[in-house]
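Listed next: structures, encoded as C-alpha cells.
First chain A sits with chain B, and in the next complex the same chain sits with chain C.
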Partner chain A sequence: MITLCPKRHKSLFLFAFILAIGLAVGCKKKTDAVDCNVFDRQAYLTGLVEHSILPAYLDYKQYTDSLNQCCQSFVVAPDLDKLSECRSRLHAVSLAWQNIAMFDFGPAEDLALQATTNVYPTDTALIQSKISTSDFEIESVSNFAARGLPAIDYLLHGPLSFTDQELLNEFTTTDESPDRQEFLTLLTSTLASQAHEVYDMWTQSGLSFQDDFTSNTGTDLGSSLGLFLNAFNKSYETHTRTQKVGIPVGALTFSQTPLPDRVEAYFGQSNSQDYLMESVVAFENLFLGQGYDGDDYKGLDSYLASLDAQYNGEQLSTEIVDRILSVKSGIAAITTPMSEYVDIQQVEAFDLYANMQQLNVLWKVDMMSALGILITYQDNDGD
Partner chain B sequence: MKFFSHTAFLLFATIILATSCNREGCTDSNALNFDEKAKKDDGSCTYPENGLTIPTTYSFEDEAGNSTVSFSGQTQRQHMLIELIDYIESANTPGVSVDAQTLRNMYANEGFIWADAEGLGLNESTKNLKGKTAASGGSADPTWQAYFEDLFDQLDAISETTIDQEFSGGPGVAGVVQSTTNPDKAYLMNAQGWDLAEMVEKGLMGAVFYNQCTMWYLSDNEINVDNDAATDPENGKYYTAMEHHWDEAYGYLTDGINFPTDGTDHFWGKYALGRNDLLELADNLSLAFRTGRAAIAAKDYITRDSQIERIQQDFSLVSAATAIHYLNGTLDNLSDHALRNHQLSEAWAFIDALRFGQLDGLTVSVIDEWLNTIGTDFYAVTSADLNLVKDELAAQFGLGSVADSL
Partner chain C sequence: MMLFGVLRFVAYGWIDELYIQPDFHFAYFGFEWIPYPADWGVYFLFALAGVSAILISVGLFYRWAICLFFLAFTYIELLDRANYLNHYYFISCMALVLVVLPANRSFSLDVRFGFVKGWTEISRWQLDGVKLMIGLVYFFAGVAKINPDWLLHAQPLITWLPQHADLPIIGTLLTYKSTAFIMSWGGAIFDLSIPFLLWKKRTVLPAYLAVAGFHIFTGILFPIGIFPLVMMASTLVFFPVRWHRALVDWASSTMGFQPRTEITQARNSASLLFLTAFFAFQFVFPFRYLLYPDKLFWAEEGYRFSWRVMLMEKAGKATFYVHDPALTGHLEVRNGCHLTPNQEKMMSTQPDLLLQYAAYLRNHYEEQGVVNSEIRANVWVTLNGSGSRLFVDPKVDLGAIQDSWEHKDWILPFENEQQARNFTMLNSEADD
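For the complex of A and B:
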C-alpha cells in the first residue's frame, strides 16, 4: 500500500484516498485508524535514522573525542589557554548532547547514557570527596551525580567564587592536583568511550540496532515508532521541560521558590539557555523532519496531516508549530544567565514553563492519540 | 494509456485501502472470544470445553437460584493490607513516625481497631495476614513472618528520626528520600535504599495472596474435596467445599466479580490489569477462573485441572512481567535515588514473589541468584546488572519480545 504513493500521483492518489476512506469509513472508527492512512512509516524511520539519529551521534562522538583530547593535554601542563579551549569544547559537546538526549532507547538505554551523562545538579561534595580519597569508582548509581557533563562543567569552571587562576591552581599546586587531573580525564574519557559504544551499536555490522529499528514499522507497543515517540515525549517532558526549566523556576515545589542552582551547566553560567534552545530546536527538527545533517524527510507533521489530525478546528500540526514558536521566542528573550533569569524574571519564566507544558500536552496527548501510539513510560500503576 | 494506468492504480489502491480496514477476528457469537466488530472470521474462535456454560462474570448459583460464591475472608485480608500500607506510607512524610507494635498488631489482627471504611466487618473478623504468610505447606513460615516484622522494626526506627520538611535519606543514610526529578515524590528508605512500604506490600502480596491462591487453595489436597453437598445451606452457605476453595483462590486475585472491569483497585487485580494491554493476563485469568468454576459445578475435573495450570502459569507471568515493568522503571530513573529505589524495591519484591507460586522449571536458587545480582544495596546497583536480570527473567518467562515495552 505504501509503495503505491509516489509524489507525482499526488492528486490522483488523494482522490483514491478519499474514495477509499469513504469505503472504509465503517472501520475507521476505532482500532485501525492508522492503518487507513498513507504515511510511509518505513520512510520516516529511515529518514529519522539516516538524517537525524546517526549524524547527531557521529557529531557527539567526535566532540567527546575532541573534549577528551583537550583535557588529556590540559592535565599534562595546565594553563589558562588550554582551560579556555577545553571549556569551549565542553560547550560543543553539550550542544551536541541536546540533539541525542531524546534517543534514550535501544543502545543508549542499554548503556544508561542519559543517567550517566547529564544528571544535575552535580554533587560537588561527592566529587570533592572522591578526589580527596582517590576514589575513581563511577559505575554504581550512587556515583552518577559525580560524572558526566555537569561534573565536567564543575571541574572546568569551578565554584562560582573562583577566578580562573584559582581554578588552575587546583589542577597544579595542591596535594590533590594529580587526583583532580585523573578524575577529570576519567570523566572525559568515559564520556567519549560511551559515545563510541552507542554509535557502534547503532552502526557496526553484527550488532547493528539500525536494521532492527528501521524494519519494525508498526505502531504497537514494541514498534520502533512506539519506542522512539515514548523516548521523545519522556525526554521532552522530564529533561527539557522539568529539569531545564520547571525545577529551576520553582514550578514544581509548593512554595514556588526559584532554585537557581538547579539550572543546567550551572558553573558555566552563561550557557544554560543555549542548551535549552538547542534542545527545543532539536525536538522541533525531529517533529518537522529536518535532518541534523541538513537533509529533510517527511516528519511527524506530515504524518499528522495525512491523518487530518485536528485541534480545536485547526490542524494539530499547525498548533504544535505555533506552540514551538512561542516557546522559542520565550527562550530567545532570556538575556541574563538562566540562574539569574529564574530569580529576577519569574513571571516570564513561569510563562515559558506554561508554554512548554502546553507543548508537552500537544505532543504527549494529542499527537500520540492521533497516531494511535500508547504512552508507556510513566508508572501506570500510579504509585 | 496514461488514463488507464491511473485508473488501474486508483482501483488497486482503493481495494487495498478498503480491504486493509476489514477487521478480522472471531465472528461466532457462541465463542468465548466473540468479537462483534469483526467482519471476517480468522479462525481464532475458542469454545467452552465440553459444552460448559461460562458466565461473563464470576457469578454462580445453585439449582434453586442461590448464589454459591463467597470470598469475603480474602477481601477482608486485602483490606487489612490496604490499611497496613496506608499507615506505613504516612511515614513517607518527614516528621511522621510509625509504631512497630501497631504494625505487628495490624499484621496479626490482634487488638487493632480497623477504620474499615467499606464496612467489611474487619473488626469482627478472625482473619489475619500473619497466619497465612508463606503458609502453603499447611502452617505459616516463621522465617517469613520474622522477615516482615523486621521490616516493621526498621520502619519504626527510621521514621522516629525523620524531621518535618527534611529529606535526609540518601546513599548509606536511612531517612526520607526526595525525588530530584519530581519533588512531589518522597519515600522512606533504609540505608540500602529499600523502600520498606513497597517491600511489605509487594512482599505480602507474594507470601500471602499469591501463595494462598495458587499453592494452597488450588493444590491437590485443597481442591480435591467434597463437591456434592452444600456446606451449610441453613446459614447461607450454598457452596460445596470444592467450590468454596476455588472462590477463595479467586478472592486473592481480585475482590470484583466483574474482573477485570472491576476489582482492579489494588494488589494482584491491579497489576494483572496493568499487564493486560500487552499480555492479556487479566482477561486470561478471569476466563480461567470462570471456566474452572463452571467445570466444578459440572464435575468436569479434567477441565478444572487444565484451568488450574493456566491460572498458576498466568499468575506467575503477572509477577514476572510486573517485575520487568519495574526494572524498566528503575532503568529509566537510574540517577534519581528516590524514583530508582522505589521502583527497584517493587521489582525486587515481584521477583521474590515468584518463589511463592508454581515454579514450572524455574528454581528457587535462580530467583536467589537474580536477587544477588541486583544486590541488596540499591545505591550500588549498576545498569549492566539490572539489564542482565531483566534479560534472564524475560527469557525464562518467554517475554523477550515485549520486555522493553512492559
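For the complex of A and C:
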C-alpha cells in the first residue's frame, strides 16, 4: 500500500487554501455595486400585497357590488337606461378582473375563482335551457360555462342579431322573463359574494392569508414567491396569451381558421381589446412594482437587476420591458372589435400572438431560471 | 435508508403524480420494450422495493432481497426518463454491486438463523468494489466540473447562490460573485480529491468531515432530496475495518446478538470478473460525450449516466406545431393535455425527449385521423443565464426523426449570436 506522506497533504491543502484566498481577493476587487444589492423578498411580498393585490381585490369587490345593485334594480323595472348603466358597470368589473386574474393561488384557488368567473365562450344553449326550465343550479363544474362574466355579458348584450329593444323585451314581455331576471341577478349576486369571500380570506383576522403570504419568504415550491410567480406565468400563458389571442386567431386549429366567437366578452363586441390591454398592463405593473393604488415598490425588475440577470449581454429586465412595449403597441393598433381583428387582420394578429409568446418565454424561462423558481403548473385549461 | 427513500415517494404522492397520472411516458432509448405496468403494478413495485429494503437492512434473505431491490428499483427508474436523477442511477449501480457481495455474512438475521455461515472477514476487493463505486461518483462529478462555464464564469452557482441571500449568517456572503468562484473551484477540487483522501487511512477522518460538511451545505442550498443522506451514509464504508467492527460489536452487545465467528472465506472469481467488467464500463461510458461535436450542456449528447450533478441552470419552453399535409396551417399543441408539469419541464430542454414527444404526437394525431403529420417545434432554452435562444431547428420535422446514438444535427449550435435573436425565424414559421 502506498502511503502518502503527510507533508504532501499539507501542501495540497495549503495550495487549495492559497488558491481560494487568491480568488477571493482577486474577485473582490472586481465586484461592483450590483453584488451588494441584496433584494428584500419580504419587502417585495409586502409591497405586492399592500399595493397590488389588496387594492385590486378591493376595487373588484366594489365593482361587483355596484354591478349587482344595478342589475337588481334593472330587473325590478327594466328600461334601456338601466340596461346601458348595467353594461358600463359590467365593463368596469371586467377591467378590474384583469388586475386580479393572475392571483390564482391561495384564496382564489380555493374558491375556483378563475373557473367560475371567466370561462369563455359561455354556453348560451345551457343558459337558455336553464332559464326555460327554471333551473338555477350553478355550483357544479358542468355549469361553470353558464356563469361568471361571460354569461352576464351574454345576458346583458344578447345575441348579436338583437337590438337593445329586443333584448329588453326578453326581460319584460316573454313567459321566461321572470326566470331570465332571476338568473341574471343570481349570477351577479354570486359574483359579488365570491368577491367578498376572497377579499375576506386575504384580510380578515383568523383567516388572514395575508400574514402567511408575506412571511413565507423562500423560493422553494410552497413559498409565496413560488406560488405567485407560477400563477403569474400560468395566467399570462393560458388566460392572456392563449385564451384572449391564440384561440380566436386560430393558432390551435390545423387550418388556422380564425374563431371570432371565441374572443373574450364576445357579445359586448367593442370591449375585448380593452381587456387584453388591461391584462397586459396589469402584468407589466406587477413586474415593475407599480402598485394598483398608485404607490410603487421594488418590483421583479429590481430583483432581476440585483441578481444581475443577463439576456444575450443585456439586462434581462430591459429585454422584458422592451418586449412588453412591443406587445402593447401591437394591442394599441387594434381599431376594430377583436372578433373582426382576428378575422380581417389575421397576419397582424399572429404577429401579436408571436410577440406575446416571446414575452411568455422571457418570463417563464429566463426570469424563472434567474430567480431559481421551479415551474409547477401545466396548461390544462380548456379542451 | 432506502426504505426512507421509498416512503418519501409515497408520502409526497409522487407515485401517482410521476408514474400514474401521465398519459405518456418517456421510455429510455434501448428500453422501449419494457412494458408499462398497470396502476396497481406501480404500487406493487414500490412495495417490493420497500420490503426488500427492509430485508436488506436487517440482513434477512439478503441475496434474494438485494436482487429484488435492484430489479424493482431499476424497473421503476426505467419507466420514465423524465424522472432521471443521478442519485437514483447511483442507487441502482450500488444495488448491482451489492448483489454480488456477501453483505449478509456478519451482523445479519441470515447468520442468526443459520441460513449462511457467518464470516468475520471479507476479501479486500469486495469492500473495494463499494468504495470504487462511490469514489467514481465523486471523481466523475469533479471531472465534469472542469469546464469553462464552471471554472471561469462560476456558472451556475453565480445564478443560484444569490437566491439564498436571506439565509442567516452566510446569506450576505452568497451575494458576492467571489463566493460563487470560491465554491466552484472548491467544489471541483473537493470532488476530484475526495475519493483519494477517503481511500487513505491517514486522511479518512478529515475527508469524511469534509464530505459531511459538503453534503449538509448543499442539502440546505439546493432541492436535491435524499442525495446528501445517501452519500453521507455510504461514504462511511471508507472508515477502517476496525471502526466498523467496533460499531458492530457495540451494537451486537446492546441488542444481545452474538455474531458467529466462523472464518470460511472463498474467492468468488465470477463475482470479481463481473465487478471488473462493470467498472470498466463505468469508467468509459461517461466519456462518450467526447464523441459529439456540440457543447455538452447545450445538446446533452452523452449527458446522462455520467455523474453530472448540479452542473447547469437550464430552462426551456417548447411549443409544438402539428402540420396536416392536407391543409396549409399548423396546429399549436397544448402540452398540458399530454404531459405533467415535470415531464414538460424535462422535455423542454432535452433533445431526446423532444423527439419522443414528437413521435408520440404524431401517433396521437394519426389516431385522430391526421395522416403523415409533420411535427415541428419552437423550443427556447436558456443555459446558465445565457438568455433564451432557439434550441432546435424549427423547420425540421421532429416526428420523422429516429433517435439514435448519432449526433443530432437538428440541434442548433449554442454559440451563434445571430440565431439568438432570430425572431424573424419564429415569425415566418408562425405565419406560413
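As a convention for this text, the second predicted complex is superposed on the first by the 341 of 383 C-alpha atoms of A that agree within 3 Å, B and C clash if a C-alpha of one lies under 4 Å from a C-alpha of the other, contacts with A are read in each partner's own complex, and residues count from 1 in each chain.
Heads up, the rule we're going with is that a contact is a pair of C-beta atoms (placed from the backbone, for glycine too) under 8 Å apart; a residue touches a chain by one contact, two chains touch by 3 or more.
Note that the coordinates shown come from a computational prediction; the quantities given were computed from them, not determined experimentally.
S.K.: Where does A:144 make contact in the superposed view: on chain B (first), on chain C (second), on both, or on neither?
M.R.: It touches chain B, and chain C stays clear.
S.K.: Using the superposition on chain A described above, determine whether A:243 touches chain B (first), chain C (second), both, or neither.
M.R.: Touch status of A:243: first partner only.
S.K.: On chain A, which partner's contacts cover more residues, chain B's or chain C's?
M.R.: Looking at chain A, the partner in contact with more of its residues is C.
S.K.: Once the shared chain is lined up, is A:132 touching chain B (first), chain C (second), both, or neither of them?
M.R.: Neither partner.
S.K.: May I ask you to decide whether A:226 touches chain B, chain C, both, or neither, giving the answer as first, second, both or neither?
M.R.: Once the two structures are laid over each other on A, A:226 reaches chain B alone.
S.K.: Once chain A of both complexes is superposed, is A:204 in touch with chain B (first), chain C (second), both, or neither?
M.R.: Neither: A:204 stays clear of chain B and chain C.
S.K.: Of the two partner chains, chain B (first) and chain C (second), which one does A:310 touch, if any: first, second, both, or neither?
M.R.: After superposing on A, A:310 lies in contact with chain C but is clear of chain B.
S.K.: I'd like to know which partner A:329 touches here: chain B for first, chain C for second, both or neither.
M.R.: So A:329 meets neither chain B nor chain C here.
S.K.: Just chain B (first), just chain C (second), both, or neither: which does A:252 touch?
M.R.: A:252 sits against chain B and chain C alike.
S.K.: Going by the contact rule set out at the top, does A:115 touch chain B (first), chain C (second), both, or neither?
M.R.: A:115: touches chain B, not chain C.
S.K.: Can you list the residues of chain A that meet both chain B and chain C?
M.R.: 4, 9, 12, 16, 19-20, 23-24, 26-28, 30-31, 35-36, 221, 242, 252-253, 374, 376-377, 379-381
S.K.: Would you pull the chain C residues touching chain A in the complex into a rising list?
M.R.: These residues of chain C touch chain A: 159-160, 162-166, 171-172, 175-178, 181-182, 185-186, 189, 193, 200, 202-203, 223, 313-317, 319, 322-324, 327-332, 334-337, 339-341, 344-345, 370, 378, 380-382, 385-389, 417, 420-421, 423, 426-427, 430-431.
S.K.: Under the definition above, what is the set of chain A residues touching chain B in their complex?
M.R.: 1, 4-5, 9, 12-13, 15-17, 19-21, 23-24, 26-28, 30-32, 35-36, 105, 109-112, 114-116, 119, 139-142, 144-145, 221-222, 226-227, 234, 238, 242-243, 247, 252-253, 374, 376-377, 379-381
S.K.: Enumerate the contact residues on chain B facing chain A in the complex.
M.R.: Touching chain A: residues 6, 9-10, 12-14, 16-18, 20-23, 37, 39, 171, 181-184, 270-271, 274, 277-278, 325, 329, 331-335, 337, 340, 343, 378-383, 387, 401-402, 404-405 of chain B.
S.K.: Along chain A, where are the residues that touch chain C in the complex?
M.R.: Touch residues, chain A against chain C: 3-4, 6, 9, 12, 16, 19-20, 23-24, 26-28, 30-31, 35-39, 41-42, 217-221, 242, 246, 250-257, 306-307, 309-314, 316, 319, 347, 350-351, 353-354, 357-358, 360-362, 364-366, 368-372, 374-383.
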